Amino acid sequence: MATTELKKPLRGIVPPMVTPLLDRDTLDVEGLERLVEHILAGGVHGLFILGTTGEAPSLGYRLRRDAIDRVCRQVAGRVPVLVGITDTAFVESVGIARHAADAGAQGVVLAPPYYFPAGQAELLEYLQHLVPELPVPVFLYNMPSLTKLNFEPPTVRAAADIPGVAGLKDSSANMIYFHQLQGLFRDRPDFSLLVGPEELLGETLLLGGHGGVSGGANVWPRLYVALYEAARARDLDRVAALHERIMRISSTIYSVGRYGSSFLKGVKCSLSLKGICSDFLAEPFHRFRQEERESIRKHIDALESEP
Amino acid sequence: MATTELKKPLRGIVPPMVTPLLDRDTLDVEGLERLVEHILAGGVHGLFILGTTGEAPSLGYRLRRDAIDRVCRQVAGRVPVLVGITDTAFVESVGIARHAADAGAQGVVLAPPYYFPAGQAELLEYLQHLVPELPVPVFLYNMPSLTKLNFEPPTVRAAADIPGVAGLKDSSANMIYFHQLQGLFRDRPDFSLLVGPEELLGETLLLGGHGGVSGGANVWPRLYVALYEAARARDLDRVAALHERIMRISSTIYSVGRYGSSFLKGVKCSLSLKGICSDFLAEPFHRFRQEERESIRKHIDALESEP
Amino acid sequence: MATTELKKPLRGIVPPMVTPLLDRDTLDVEGLERLVEHILAGGVHGLFILGTTGEAPSLGYRLRRDAIDRVCRQVAGRVPVLVGITDTAFVESVGIARHAADAGAQGVVLAPPYYFPAGQAELLEYLQHLVPELPVPVFLYNMPSLTKLNFEPPTVRAAADIPGVAGLKDSSANMIYFHQLQGLFRDRPDFSLLVGPEELLGETLLLGGHGGVSGGANVWPRLYVALYEAARARDLDRVAALHERIMRISSTIYSVGRYGSSFLKGVKCSLSLKGICSDFLAEPFHRFRQEERESIRKHIDALESEP
Amino acid sequence: MATTELKKPLRGIVPPMVTPLLDRDTLDVEGLERLVEHILAGGVHGLFILGTTGEAPSLGYRLRRDAIDRVCRQVAGRVPVLVGITDTAFVESVGIARHAADAGAQGVVLAPPYYFPAGQAELLEYLQHLVPELPVPVFLYNMPSLTKLNFEPPTVRAAADIPGVAGLKDSSANMIYFHQLQGLFRDRPDFSLLVGPEELLGETLLLGGHGGVSGGANVWPRLYVALYEAARARDLDRVAALHERIMRISSTIYSVGRYGSSFLKGVKCSLSLKGICSDFLAEPFHRFRQEERESIRKHIDALESEP
């Protein structure tokens, strides 16, 4: 296994890969292979599997381990692979992390345990117990809408002193929070601050954030990489134009049906329409029906015919 | 294994048993045995393991299976054993349910998958897929504060038509909701409606509910059984007196420290002080420190010295 | 003006009267007169005007003063009149309270200022400043869903020591909270604890609460008074039967259209159908349209044809 | 009265002025005059009085009218004056708007009625009734944390077709929402999109927003104007530097005491320390105590000694 040293800070576009499925307990193995190659061909800077977009909590452990093995083997060190290890049970998080490290993953990603909401002191103590058990660096994952718990800025700052904590991915959609973290980490340029929602990628990069975990990069990886590069080049007009393009994706592809899960359904449906992988979703969700699929098809046609 | 037929509707006091632990991945086996006998000696009508009070989401799967085996073996059909199978992953819920049935459990208890909040139509579809896979009857578990999702009354009414759905335990603490369900199930006297929070047990029983899943019955099982019997006897004064006693437990034992987890810590600490089992809690929680333990001791002394 | 001494504690059914309107700034004066007589004929123990059900926050101050004058004059001491004085501005609350006292009202009702959510210490300080300015006793009004602020039990207990604070009306729909307050006020039998949602009136009265501020008593005042009397007589079967009847009202009359405002629309529509007063609602709400009105008519017919 | 034509779209920095008070019902008239001059000297593009920062909901109507008269007279057309008319009562909103127009205000600002949360259809209907009654253009004000109601993007787009609706100020702190609105209004370059939280001013201006309603501009108006100008000049480095400066204000001046009201207290305390106006706050808030005041003083010293 080729090893890829994880750069500090991790920068760039790290797509949260969907998990292609044939049914609730079977990987779409061929789709998975095509998807990995499709994303890597876009020039991304890492790959994050088994996160929220990867439906990890909805997948059985056997299947998760299978996905880790296959992705790590296929990526083969071309970019760093990060693996989601979020779990309500401490011992299961550790188990997945060890499996990921053995398979060659360069890092893991951890949201708080999401059944019982811990207090901030308990959350810090949890990290102090857990992180030393992890064989690879860990990125914290702030996802309050699903975990019922915010990583308060002082908690993040304290957690960053635990050896092995390499950064934070923020999916709160709260840019005030993100800027507060940037302020707290001005003395820690090695600590990676990544944004989840791609609608906020433009401003994140313009104002000093390190990158994004952009779900749309499953489908159009080059677009997000282009935005990253435009921001690095300080090309404000190009950032604005690419940001608008992402907003059009968001207001079309991710808005069909107005489900809580429209984003996930829209991404998987788009990948299916493009012939990359299956659009099966694990319970409690289900794939788009024919009418919604037609909407997605029209939106893709419109988006891809734009200059 | 002696078999206990599950009565329809299930009635009475079904304590949600705590899971005695020596550390995060080790059962307190002797404590578990003492606890089962302590609870059963109180005359309870069933035993519910691996629920919220049982910290199930915080426990590894190996330990959960061990707990199921030991409890079923020890109870040996004296009362029905219900096993929590709530999981974010469909296949893991099925796996635990099969293990529970094989071990002799009479039923299982299921809250919605709690990472991704499903819509009501998705929730019903999830149940339509899952319940036929379960080898024993299932009780739905409404716990919106932790699952971010309410079982809306029409969803419950529709789910009750799936063969195998035997009742619902409501931990919403919303008695309007509970009364709405009672109205919807007036034509289904076999469908069990149980209340979670013991502070609401008195009114639940006075107004036609079938029973309670009362956490305090880990420590004082006879008290909750006495309330159940007083309500069956229509002895309003005695119900009021026992309800007040439960409110005193709630405002003392469950209110030390004002944590989100004070209830759980208070119950485990009380059991430890009474010599029944360890008070270790799995991450992200931790047991009470010495000062809080002293408070609990004083509260127990005061409560038990009352007439 | 006949004066009615306010009993301590205030007990019984105190309907929160709707405000009959011809348009957004004009009272339905004749409807108001009929409504007052209709309610009083039901044997209620008080009348609460300009609360949430009275749409007070949606009404201009001139109209509110007009309503106070007319109701106090018409009731003429037959029962105590309570007037809602909740306002975001301290000086406006005091102004309405003085007007109410001058008109002959026996008490006022106050929820926290509802734009800026105060902390508990600020809330207590606010009451310590405001209550001494009020010329008549005040009932606190816990309505967290609309004020974004809960009267925490210790705050209520401390506020009860301010001379003039006579009780609390709880519309949180959280019976655990209500029972906690009952526990805190066991030494203060003069402090009135009233429940808002009528779906919880049965259990409130069975377990020691003093009464209810039941919106349905605008339409069917005798029903709520009958439940109060059945509970006083410890007639558990009759309480359960009347409670079920109220639940049927709730699941029909208050559930048409599934608006946030369905309760208010249902009550006003019912009064209109019974020829008592207009069903006009102030912005931001509007009366039921014809189809919904037909639903209400059918529900009323079904309810009133029951034995 | 000199008249200032309201430009379309309104652009730039429009500070939400605090209301200087001597006590809960008395304006600090001299402080008010100094404050207006202080802000205008900073080169701002408008002045917004009686908003959230202006504590309008906590102030009596007499005082609000007095404030409108004084500010309009003093500004005397140098910049447009916008007046908050948000009210739970339709007729009171209209009354304040007429008073403001008579006094010479160029526009009004309206959040939804904030006691009863309307549905989106009701909110649109409310605007369709209200806006034609207003004598000057109106800016919608999205403030979901305090009104419990979000102006959904389709509602805003529909409302923008009512003659007189000139723009929207968004205080949701949700930049995804803001970008969605920008997308919907690409064909309406006259419709002003302003951001509330100053922590988001940098990105708002870089990505096409028209300006900000920045509370800190009460104290340091030039800073916010400088950020606006740097963004107009596409000077990304300077925007980033000024944004960081604002973040330092936010994490110091607005974070003392960690109250919900820390922002408001910090701004008024800063103005008091700088000798501009009183720091009295209307109920339910109160000014900082001595210790907190000392913290603010130190923070100001540190901020103002930076290069």
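Note that the chains take the letters A, B, C and D in the order they are written out, and that residue 1 is the start of every chain.
Convention: a residue touches a chain if its C-beta (ideal position, glycine included) is under 8 Å from a C-beta of that chain, and two chains touch if they have at least 3 such contacts.
Just so you know, these numbers come straight off a predicted model, no measurement behind them.
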Chain separated most widely from chain D, comparing mean CA positions: B
Whole-Å gap between the CA centroids of chain A and chain D: 36
Two or more partner chains touched - positions in chain A: none
Those chain pairs that satisfy the touch definition: A-B, A-D, B-C, C-D
List of chain D residues in touch with chain A within their complex: 173-176, 179-180, 182-183, 197, 199-200, 202-203, 206-208, 234, 236, 240, 243-244, 247-248, 250-251
Residues of chain D that touch chain C when the two form their complex: 24-25, 52, 55, 57-61, 63, 88-92, 95, 112-119, 122-123, 125-126, 129-130, 146, 148, 259-261, 282-286
